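The structure is given below, and queries will be raised subsequently.
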């Protein structure tokens, strides 16, 4: 049983066990213990990882010879950080959801543990069918989390979430099947080198792009995210924001770029256009929100726009700057995971006290909750890309690299500096600062030990990555270099 | 092949028929054990007399091959399962004090056995009619408000019309090729060049068989029968006959008319798309669980025809695997419905509301069944869909695959609706499923086997490939 | 001691102070916090003085890297550069910060957020030091944003007030507008020069001047300089981006003194000086700087004439003086600009702190119309305020005279396209400065007290008064550094000036010592203008003619009171238009178009199709048979037609 | 002389009439059953004619099977009609449309 296999199936088994436990306290501790165990495994995997070593911790066993699918797990520089992030967020999600569930507490924690296992599975799968199986299987726990423990309009949000992602992924399945038939195997590494005509690549690229664009989410297919976030319980929002969105980004860099380089080159303008729309248009939309979670959801879409921008700008840059932009995209994924998760925890803290997500219902929270106020301002600033926090790292690398591709591209992208600050700090201004008029706000007590632990656990990496991103960059650099030259070895003479 | 040896190879059918007669005559309290004995005996006979390689019996009328035995055993197992599910139901044979239901069920199995081994048009027709004639009365089994009668009449008239089409097609084939033996038919067609009578015959046969599986536009009977007939009858109708229908199609088209493949594949694809479209779309508008499952059956038939429409051996084996998985899913779903219905007649989808709060275990089982129907991973339904997609894409029809896959997304909504009612909604009045622990155990096993097949799919895939190999090229 | 270690000490002690105070904000007692941060900044000041002395002995610039921050060799690193400019700035920043720390002890004594205030103070000093000592654009940007952050936190320090957080947010957002340009400038640099490290970029400045930029007519270097100057305008509150400074007076007075007068706002000036090798290569940029500087100097000074809040008047005076520094930059007299920054830091901090002591005495009243006759009641504050004002208006012999006169002269010598109009604006500015200074002095300290608070106004504890005296002495002394700064090449190594633009060199010829400069001063139009406007001011304000004249210049006054309509413009156009676009995107774009039409639309369509198809299932046997037959006929038709 | 095609045309006509009988007349269930019989009759003529011209007895054997099964079918058909009549008082296919949708 390989380390990665253990990291996938241990939480899932723990989830099933949680179903059987009756006493709520035992269930909670059990879930926490399971997620801590997985995190320890993730750290072991990270420590034993040699950045230049390509795919490591590999475990391969034939599973379905009839379809030539094999159970092949492995992590490289691009997927390892995301796996560690998932394990880390797993613990925090369980802590955030400590007393969210009033009924079926066993099912609540079981759903989260299984979700965590499946998410790690998505990042570790080196076999496309296995990737797809985990990619769709994680819809089930997330669907139940949003649906059962969400707030009033949860059903619409849960169904919309499921069907939206299902539509995207189903087209992706046809693309995978086509590739498997042509190349004779489901191995992702084989597909990277498998030669395809440019027409084939265009169709495959569009199918894969739609599948992952729904997940990122990219502009026209993003409307499920605000609903899903608004209705999901705080813990659900944390996992949704921190990890589920990264699968879209990860999918783009693992499938679209290496498998269909010519099509990626031909259609990079489309993706760049969509990402810039996401940054600017969604940035404005975020300004107009009155619901805190919706505002953060829209800001997530805008920040994820940077990931897709960073990835697909590489064809218009010199290789050195392309390294900068793609590393920036990955750093943005990791930092956005931490920052938006923290923001959702903060909103969850406020929601626990006043059961409202509406900005008007708050004001002057700093008076009664100074520690929370400080942390909330810190994370809002990180969301606005303040240097010294991880939010700044990814954005600045992508913006600086984008300039080489076109000054007006960089100008649009750089608008996030203004818009990001505007909507984040405007929310903070109305929620945290100012006099506390509402009586309820006066009655708030400050952070409990648990909440404090979660927020600090998120604050430390945000600061650490912000102040010294080099260790993380060195971890992903070799894989980024490999990705860039894979994306530029054109298969059907698609040279620019 | 001496008569004695042929008798031994025909032992399963003999045991079945004898068993049926005994059940018919025996006193009521003996009906259930005797049926079980008969079916168990048949399974034993099948295993005991399995030949190494396929052998022709009855001067080429019947072929006994070990590959298809697995499906025959499956038919028996499904019949046992379904009859056991039906025991607790208020309209079940026990309560009605009639063992006709059991005899009809066994005769249905006889018909299916004949179909599975038919190598001659007469045996094929004979098996089909035995099955049909045992289904008509089962559906018309007396129910309070006469709905069953009305539905039975509709099913009877249309069924007769369909078998009329089939017969007429067979007669034209006979007139054109001069033979009724499927093997010879295939070789004759190899030499004959295309002529109108052949095409006419093929189309009529296809129409007749499309009716049996319920493919659009021949599906009209299916929703009414699923809705009108008694639940035990519908459960029987929904699972095993689908396998027989597929074997019929394979025997006739893949084994017999392979030479005309170009024509019937396009027709099957049209049937497939229509069925998928209609099945998935109209199911959304349903409020009664049975009609929803009826349209879902039509949608799944669409997928089977899609697989057959590929016209390749790969397509055939994916159709077999799909039908095998679908039979299990259908049996499980109706079994669950029977369980939920045993005390309170819950026909509406709303009755699933709040099931997670009252019975979490059953809710998980229904969840597995529904996600398997929708084709979501971690359940066998996903492999069935994947296998068919592979076959279709392999045959170069990937636009068709995209259409089919998009329609499944539309379809996923109404499966999701069941899960959402169970988990997200509060029940206005709590559902009280039956307390019969054996029934609960069987339904759970039925659902969990779908997950098991997902985990270890290889043996089942090899089984379906072997079954398909029997029908390739009319040997 | 090795200079690098000293630099690290300066940054380290201030950093440690701010981090410990920040984390321990709820734990530390005010006394402990004061000691901690004060010692931190004190050591930093001493270290920077020692560093300055050490550097003076062997003045060759050293750049060293603490650690690499970004990928590849783009020069993204936390690296420090020790040269004359950074040393001077380090001394100024740490000195001002130390004085403000001491002053704040008294000023903020009874404020509940005392410890938090001191944490922010040292955090600000840290950010300013990073900005000043950076050896690459990235660390400059990090310091830049850090300073913007702390000003946001400090302006909104009294967060329970309604207006303070809004002012803080406004400051942050306007700064961010500037940073937008700054970031694009950095992007352009990276794209064209390939690195963000000062030395590599400066080496390529000639090459960049030749390279075309996406805009026709502009060289790559000009584009970069323009973009970077936009950042400077945001930070140093030059005209279009100045709206946040007057509102930043919402923050506590020590903050107005330190951040919004002495250090933060000068960051923009420092940046242009630091990047002189780049700016020298682009005449376009220099002309623009002249224009912006001139307009700011005059327009903001005029606003000082109508402002009635003591801190607002001083704020506008700061804006006007910043305009002067920008003018100096435009005239390539970088040394003069830094020198004016140096002197301005002292006398403006002095004016603010004196105003603070007045406000304290007036129990936080800030309206000069309620003051009057405070000279007798608060002699020390009055005296120090006088010294500051005299320095501000450029009275010969005082610090302001040396720095401001040299700027005006540099403008005279510069032969850039816009040099002449800029020179005229500068002269007009001198007159306006004299007027509003006199007005302020007269309303606050002369005449009869116009309110009860003014009656019993008393100077209070020494910690408030001591820094005033200290600053006054420094103001008097500061002026004498003119020779070292301008002509002695104190900043020689850091500032690169092309021969064609070297106005200071031309001025150096007829420089004959301090005395000579003062005498020469009297011959210059500026000093004449100064005298005239003082006399005019005396009549206007002392004799009360201003109130008589007010009615018939009411139109002009209205424009000034409206602050040229900038606030109205920002409020209507920028904020409301932004919100309208936002609502448009949110309502029409998202809810209606995508969600309404595409997503729910398809769902509704599917449901309607399902309902219609359902009718086909009529239940009548004949229809079913008909359907079967039609299916059959269709199949037959297809096969036979296909033939 | 009558060739196989003549007989096939005859059976085709009979078949057409039978099918038309099913969906044109939607009122009387019994007429429906009769037209079903007509279809099977058409099939039988076809089989026997083909068997005669092909000199192959299989067709006739098939016809015999069809007859027997037709008999069984009609028996069940009539039984169902009786069941419907007993519960619905009418066997008019038109208003037997309660189960629909």
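By letter and in written order, the chains are A, B, C and D; residue numbering begins at 1 in each of them.
Throughout what follows, contacts are C-beta pairs under 8 Å (C-beta built on N, C-alpha and C of every residue); 3 or more make two chains touch, one makes a residue touch a chain.
None of the values given here were measured: they were computed from a predicted structure.
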- [ ] Pick out whichever of the two, B-C or A-B, is joined by more C-beta pairs in contact.
- [x] A-B
Task: Central chain (distance from its CA mean to the mean of all protein CA atoms) - done: A
Open item on the list: Distance between chain A and chain B based on Cα centroids, please, to the nearest Å.
Closed with: 44
Task: Separation of mean Cα positions, chain C and chain B [Å, integer] - done: 79
TODO: Compute the distance, rounded to whole Å, between the mean C-alpha positions of chain C and chain D.
DONE: 97
- [ ] Could you give the separation in Å between the centres of chain A and chain D, each centre being the mean of its C-alpha atoms?
- [x] 65
Task: Sequence positions of chain C contacting 2 or more other chains - done: 614, 617, 619, 621, 625
TODO: Could you tell me which residues belong to chain B and also touch two or more other chains?
DONE: 153-154, 157, 161, 223-224, 286, 413
- [ ] At least two other chains touched by the same residue of chain D: list those residues.
- [x] 19, 22, 32, 93, 96, 98-101
- [ ] By the touch definition up top, name every chain pair that qualifies.
- [x] A-B, A-C, B-C, B-D, C-D
TODO: Provide the residue numbers of chain B that touch chain C in the complex, in ascending order.
DONE: 153-154, 157-158, 161-162, 165, 196, 199-200, 203-204, 206-207, 210-211, 216-218, 220-221, 223-224, 263, 266-267, 270, 278, 281-286, 410, 413
- [ ] Using the touch rule from the top, collect the residues of chain B that touch chain D in their complex.
- [x] 121-122, 125-126, 129, 133, 136-137, 140, 142, 145-154, 156-157, 160-161, 164, 167-168, 170-172, 174-175, 178-181, 197, 223-224, 227-228, 286, 291
TODO: In the complex, go through chain B and note every residue touching chain A.
DONE: 356-357, 360, 367, 371, 376-378, 382-383, 386-387, 389-390, 393-394, 398, 401-402, 405-406, 408-409, 412-413, 416-417, 419-420, 423-425, 457-458, 461-462, 465
Open item on the list: Quick check: in the complex, which residue numbers of chain C touch chain B?
Closed with: 606-607, 609-611, 613-614, 617, 619, 621, 623-625, 627-628, 630-632, 635-636, 638-640
- [ ] Enumerate the contact residues on chain D facing chain C in the complex.
- [x] 19, 22-23, 26, 32, 93-94, 96-101
